[in-house]
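Next, two complexes with chain A in common: one pairs it with chain B, the other with chain C.
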Partner chain A sequence: MHTQKSTTRKKVFSVLLPYLYIAPMVVSTIVFVIYPFFINFSYSFVRWDGFGKKVFVGLQNFVQLASDERFWSAFQSNIIYLFFIVVLPIVLGLFMASLLARSLSKSARFLQTIYFIPQVVATIALGTIFRWIYAPRFGVLNKLLELVGLGRLAKPWLGSPETAVVAVGFIGTWAWLGFCIIIFVAGIQKIDPCLYEASLLDGAGSIQQFFYITLPELRFEMPVVLIMTTVQCLGSFAFAVVQTTTNGAYGTRPIALYAYQLAFVEGKVGYASAVVVILTAILFGVALLNTFLGEKGN
Partner chain B sequence: MTNWKKVTVKGVGYIIALFLALLVILPFLMMFLGSFRQHTDIIRRGPLVLPTEWNLNNYHEVLFKHHFNRYYINSILITVPVVVGSLIFALMAAFAFSFMNFPFKKMIFLFVVSLGVMVAEVFIMIPLFQLMNSLKLIDNLLAVILPSLAMSACFSTLVIHSFFMGLPHELFDSALVDGASSWQTLWKIYTPLAKPAIGASGALTTVWTWNTYITPLILLHDPAKAPLPLGLALFQGQYVADIPLLMAGATLTALPPILVYLLFQPQVVAGVTHGALK
Partner chain C sequence: MRNVKKFLGAIVMSLFLLVSGPVLSVIATEAKVLEIWDIYYEPNRDPVVEAAIEQFKQKYPDWQVKRTSRPLEDMKMAVMAALSAGVGPDVVLVNNGEQMMGPMVRAKQIINLDPYVEKYGWIDKLFSPGLWNRVRYTLDGTQFGEGSVWAVGLDAELVGIYYNKEIFEELGLSPFESLEELEEVMEKVKGAGYDPLAVGVLDDWQFFHLYGALQHAALANQMGADAAQEYLDDIVIRSKPERSWQEQGNIDAARILQEWVQKGYLVEGFSALSGDDSTQVFLAEETALLLQGSWDSSQVAKADFDAGFLPFPPLEKGGEFPPQIGGMATPLGISAYSPHPDIAAEYLNLLVASDRTVELQLEMNVLPALVPAPLEGILEEELYYDLLTSWNKAAELDRIGHFLDWTTPTMWDTLGEAGRDLLLLQITPEEFVKKVEADYRAFVLSKEKKE
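Let's look at the complex of A and B:
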C-alpha cells in the first residue's frame, strides 16, 4: 500500500518534472512579454486615456490613422530609416564581407572586434556623440569639411528638414554596418572553398561567384540580419537615437516615438496602441517577405 | 598576372577595411578626448584638437554633481539580478527542452521562447506600463528587472539549448544511471560544460540590459531611480550646451559594456553569429 502510493507519487512527479524546469522561464515570459504583446491588440479598439474607463470604438482608431498627417510623416521617416538601417548596411556589408572574408581572415579578427563596438554601446550615448559631430558650430563634421576646403557645405545637419532625416539615418548605417559584416564574414568562411575552385574551372568571374555561390550560401545569415536590423529600425534604436538627436523635429520622428508620445505625453492610449499594432504588422510583413524570399531562393 | 591581381584585391580590401575601422572608432575617440576638455576650449580651438591637460574634473562633476553615481548604482542593481536570474531560468529551461520529452514541448518552445525573443520593448510598452501600474511597481526597479529578465531568459534559453543539442545524449542517460538526480545532473555536469554558451549569452544580456532605455523611460519617472542611459538622456535634456560634460557622461555610460565586450569578445561574437543563427 505504502510503496504503491509512493510510486504513483513518483510517477506524477516525473511527468511534472519537465514543466517544473521550464516554469520560471515560461511563466515570467508569458506574464511580462507575451501577455502585454497580445493585450495591446485589444487596446487598439478602445478610446482610453489610460486611467479612466475604456470605451469600445471598433475600428475607429485605425480609420482615424488613415487620415492622420503626423502618422504618415512618421511612416515616411521609418521608410527612409529602413533604407539607412536595413538596406544600406546589408548591401555594403555583403560587399565588404565578400572582400574581407577570404583575404584577411587573421587580421580580420582584430578589425571585427572594432566593427562590433557600436553594438555594445547604449544608443543614447551614440546619439549624444553624434549630436556633437553634427553640431552647427564647433561640430566635428563641419570642421572636417572646412579642413578639406568644403566649408561651404557646412550646415546645421540635425537642424534642417532637408538633412535631419538623412543625418539620423546615417547614424544607423554607421552602427549596423559592422554587425552585418561580422555575420556575413562568419557565413562566408563556412562555405566550402571547393565551390569557388570548381566555379573558377568553369570560368566564373568574381561577380558571378558572388551571385551564384556566396549569396545563395548565406541563406541562413540573411534572415537573421534582416530581422535584427528591421526590429531595431522600427524599435528601440531609431526611437532612442531620434530622441537624443532631434527629439522628433524636422520630420525625423519614427512610428515608435509617435506611439510613445501619443500614449505617454498626450494620454491617447487606445489610439497609440493602434499605432503599435501597425508597427507590429509592418515587422511581421517584413518577416513573412523574408521567409517567402528564402523559400523562393531555395 | 592572376597573382598580381590577387595581391591588388587583397591590398585594396585591406585599405578599405582599415578605413572602415577608423570610421567606427573615430566617434568614440572624439567622445573620450572631448570628455577631458573645457567647453570654452572647444569654442576657442575647435573640436579637432587634443585636450591641453588631462584631469578628471569633468568626470568628477558628472558623477557627483549630476547624479551619475546614483545612475551607476541603479544600472548595477538592474543588470546583476537580470543576468544572474535569466541565466538560471535559461539553464533550467534549456536542460528540459534538450533532454526531456513532454507534451506540447515544441509548441511551448515556439510560442514562448521564439516569440519572446522576437518581441521588442517598443511593441509592449503601453500594456507594460498598465501592468506595472496595477502591480504598484512604477518607480520600482523591479518594473524594469522583471520584463528584462524574461526577455534575456528567452534569448539565453535559445543559445544554451542549441549548445546542449550539440552534446552527446548518452551523457544524460549515463549520469542518471549513476544515480544522480536530474537536478544534480543539470548543475554538476551540464552547467560546467555549458560555460562557453553561458559566457556568450551572459555577456550579451549584460550589455543589452545595461543599455536598455525604453522600459526605464516609461516605468521609472523618479530621476533618482534612473539607470545610466536614461540618466544620460535626462542630463542631455538639461545641459545641451556643455559638450565636454556630455562626453564625460557618454563615456561613463559606454565604458562598462565595452569592457565586458572586450573581456568576453570571442564568446560575444560567437554568441551573435552562431547562437542567433540556430
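Let's look at the complex of A and C:
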C-alpha cells in the first residue's frame, strides 16, 4: 500500500516538475508583460489624468489619434528610424558578414568584437556620447570636418530639422550593425562549404553565391535580426537615444516617447495607452508578417 | 523521496518568505515611520533635506525616517501609481498646476495645508504673496492660483543674466540697466570676437526663459509692470478666458528675439545646445553673458573668472522693474493617506523654514525661501550678493514672473516647437503668438467644458 502511494506521488511529482521549472518565467511574464498589457489595453478606453477617476470614453481615444498631428509626426519619425535601425544595419551587416565570415584571420575576429561593442554600451550612454560628438562648438564631428578642410560642412547636427533625424538615426545604425554582423557571421559559418565549392564549379561568381546560397541559407537568422531591430526601433532603444540627444526636438520624437510625454507630462494616461496599443499592434503586425514570410521561405 | 521532501520544503519556505514580506512591511508601517518622496537629490539641496531629517529625528527620537529621492518624471510615475492605489508616503512630491497638483486636489489625494501655513506662519516669512498663489487651488481643484495652499517648496528660483566681469572689464563695459544697453553690450562683445549670449534651446526650457524674460519686459513696457504681472498670473496660472496671447508685448518679444538671431547675439549652435550645455559654454569663457536660473549659481561661482548676476532689464532706461521669471522649487505636500499628517507637517516646517535650512542654503549659494534673504556677511562683489539682491527686489515688489510651460498641459510642446521655428526664422512673430494662443484657447475651452 505504502509503495503504491509512493509511486503515485512520484508520478504526480514527475508530471508537475516541468511546470515548476518554468513557473518562475511564466509568473514573471504574467506579472510584468501580460498583466500590464491588459491593464494598458483597458486604460486605452478611458480618460484619466493618472490621479483621479477614470471616465470610460469608448473608442474616443483611438478616433482622436487619427487626427492627431503629433502622433503622425512621431509615426513618420519611426518610419525614418526603421530605415536607419532596421534596413541599413541588415544590408550593411549582410555585406560585412559575408566578408568577415570567410576570413579565418584573427583580425576578422577582432573586427567582429569591435563591431559588437556598441551593443554592450548602455543606450543612455550612447545617446550622451553622440550628443557630444554632434555638439556644435566642441563636437568631434565638426572638429574633424574642420581638420580635413571641410569646415563649411560643420553644422549643429542635432539642432536642425534637416539633419536631426538623420543624425539620431545614424546612432541606431552604428549601434545595431554589430549585432547584425555577429548573427549573420554565425549563420554564414554554418553553411556547408560544399555549396560554395559546387557553385564555383558551375561558374558562379561572388555576387551569385551571395544571392543564391548565402542569403537563402540565412532564412533562420533573418527573422531574429528583423524582429530584434524592429522592436528596438519602435521601443526602448529609439526612446532612450532620442531622449538623451534631442528630447524629441526637430521632428525626432518616436511614438514611444510621445506616449511617455502624453502620460507623464501632459497627464493624458488613457490617450497615451491608446498610442501604446497602436504601437503594440504595429509590432505584432511586423512579427506576424515576419513569421509568415519566414514560413513561406522555408 | 527525501529529495521530494526537500523540494517541497523549499517551496514552503519560499511561500513563507513571500507572505512574511508584506506582513513585516505592515508591522513596519505600524511603527513610527515618516516616509518622504522628494526630488531634492541635487548636491545643493540634498544636504538641506538631510539636515532637516536630522533635526526631525532629534525632535522625535522614537520616529524613523524613510526617504526616497528621484528625478521629477520618475517620482511622478511612482506617486501616480501609489496614490491611485491609496498608499504611498506621508510627504509627497506635488508638482504645481495641472501637472500634478490640480488632479491630486480633485482626487482628494493630498491635504489642505492652510492650518499648517497659519500654525507655522509660513506666509509671513517665506516667499512673496504672489508666489504662494502658485501652490494654491480651490477646494474642488478646478481653479489654480486661488484658494488653499496644498504644497510648499524648499527654496526659490530666479532667472536672470550672468555676466563675465573680466570680459566686461576688458571691453570697458558696464552692467546694463535697459534692453537698449544690453543690446549695446552684446554688439560690443560680438565686435570683440566673443559670442554674446549663451543659451541652448535643444531641450526647450531655456527658450521658455529667453522668450519669457523678453516677454515679461515687453509686457511691462506695454501695460505697466504691475498690470503685466497681473496679466501673466491670469494666463499662466488662472487660465482666464478673457485673456489672450494676442498682445503687442508678446509679439514684440518674439520680434526682438528674431532680431537677436539675425544679429548673431545668440551663441553659435544655440539650436543644438541644451540648457545645461549653455552654462558650460559660458564657463568656458566662450560668451560674455548667460541667461540662466539661480540653480546654476554654485557652478558659476566656482568659475575661473569673476561673474555677476543681473535681473532682466526693462526695455527702456528708467523703466519699471519688469516681472522676473522665477518661482519656488518643485513643492512637496502631505498625502491624504498619511496616518500622521501633523508629524509630516512638522517635518515640512523643519525643511522649509528652520534656521539651519537657511544657514545651509546661504552656504551653498541657493536662494532661500526666506524673504527678504539675509545679506549679512556676503560681500558686495560676490555673485551671490547680486543674486540675493535681485531676488529680494523681485520679492519685495511681488514681481515674480512665470515659467511659461505651466500655461497648459500641452504648452511645453507647443511653445517648444513654435519657439524652434521662431528662432530658425521659419515663422513670423505673429504666427508664433497665434500658435501659442491656439493652444491656450483650446485649453481654456476644454476647462470650461469640463466645469
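In the analysis below, the second predicted complex is superposed on the first by the 273 of 298 C-alpha atoms of A that agree within 3 Å, B and C clash if a C-alpha of one lies under 4 Å from a C-alpha of the other, contacts with A are read in each partner's own complex, and residues count from 1 in each chain.
FYI, a residue touches a chain if its C-beta (ideal position, glycine included) is under 8 Å from a C-beta of that chain, and two chains touch if they have at least 3 such contacts.
Being a predicted model, the structure only gives us computed values, none of them experimental.
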Point to revise | chain B versus chain C as contact partner of A:S160, first or second or both or neither | key: second
Review point. When the two structures are overlaid on chain A, which partner does A:F264 contact: first (chain B), second (chain C), both, or neither?
Key: both
Practice item. For A:F84, select first, second, both or neither according to whether it touches chain B, chain C, the two together, or no partner. Key: neither
Practice item. Classify the contacts of A:Q112 with the two partner chains as first (chain B alone), second (chain C alone), both, or neither. Key: first
**Study point:** chain B versus chain C as contact partner of A:W176, first or second or both or neither
**Key:** neither
Check your understanding: Hey, is it chain B or chain C that touches more of chain A?
Key -> B
Practice item. Please indicate which partner A:Y250 is in contact with in the superposed arrangement: first for chain B, second for chain C, both, or neither. Key: second
Exercise for review: Using the superposition on chain A described above, determine whether A:G52 touches chain B (first), chain C (second), both, or neither.
Suggested key: second
Review point. Counting only touches as set out at the top, which of chain B and chain C does A:F71 meet: first, second, both, neither?
Key: neither
Point to revise | Doubly contacted residues of chain A, that is, touched by chain B and again by chain C | key: 50, 131, 135, 264, 269
Point to revise | Residue ranges of chain C in contact with chain A within the complex | key: 1, 4, 73, 76-77, 80, 83-84, 98-100, 103-104, 106-107, 109, 201-204, 267-274, 277, 281, 286, 409-410, 412-413, 416, 420, 424
Practice item. Would you pull the chain B residues touching chain A in the complex into a rising list? Key: 9-10, 12-14, 16-18, 20-21, 23-25, 27-28, 30-31, 34, 42-43, 46-48, 88-90, 92-93, 95-97, 100-102, 105, 108, 111-113, 115-116, 118-131, 146-147, 149-151, 153-154, 157, 182, 186, 207, 210-211, 213-214, 218, 228-230, 232-233, 236, 243, 246-247, 249-250, 253-254, 257-258, 260-262, 265, 268-269, 272-274, 276-277
Point to revise | Complex interface listing, chain A residues touching chain C | key: 6, 9-10, 13, 49-53, 70, 131, 134-137, 156-161, 246-247, 249-250, 261, 264-269
Review point. Within the complex, which stretch of chain A touches chain B?
Key: 15, 17-19, 21-22, 24-26, 28-37, 39-40, 43, 50, 96, 99-100, 103-104, 107-108, 111-126, 128-133, 135, 138-140, 143-144, 147, 174, 177-179, 182-183, 186, 220-221, 224, 227-228, 231, 234-236, 239-240, 243-244, 256, 259-260, 263-264, 269, 272-273, 276, 279-280, 283
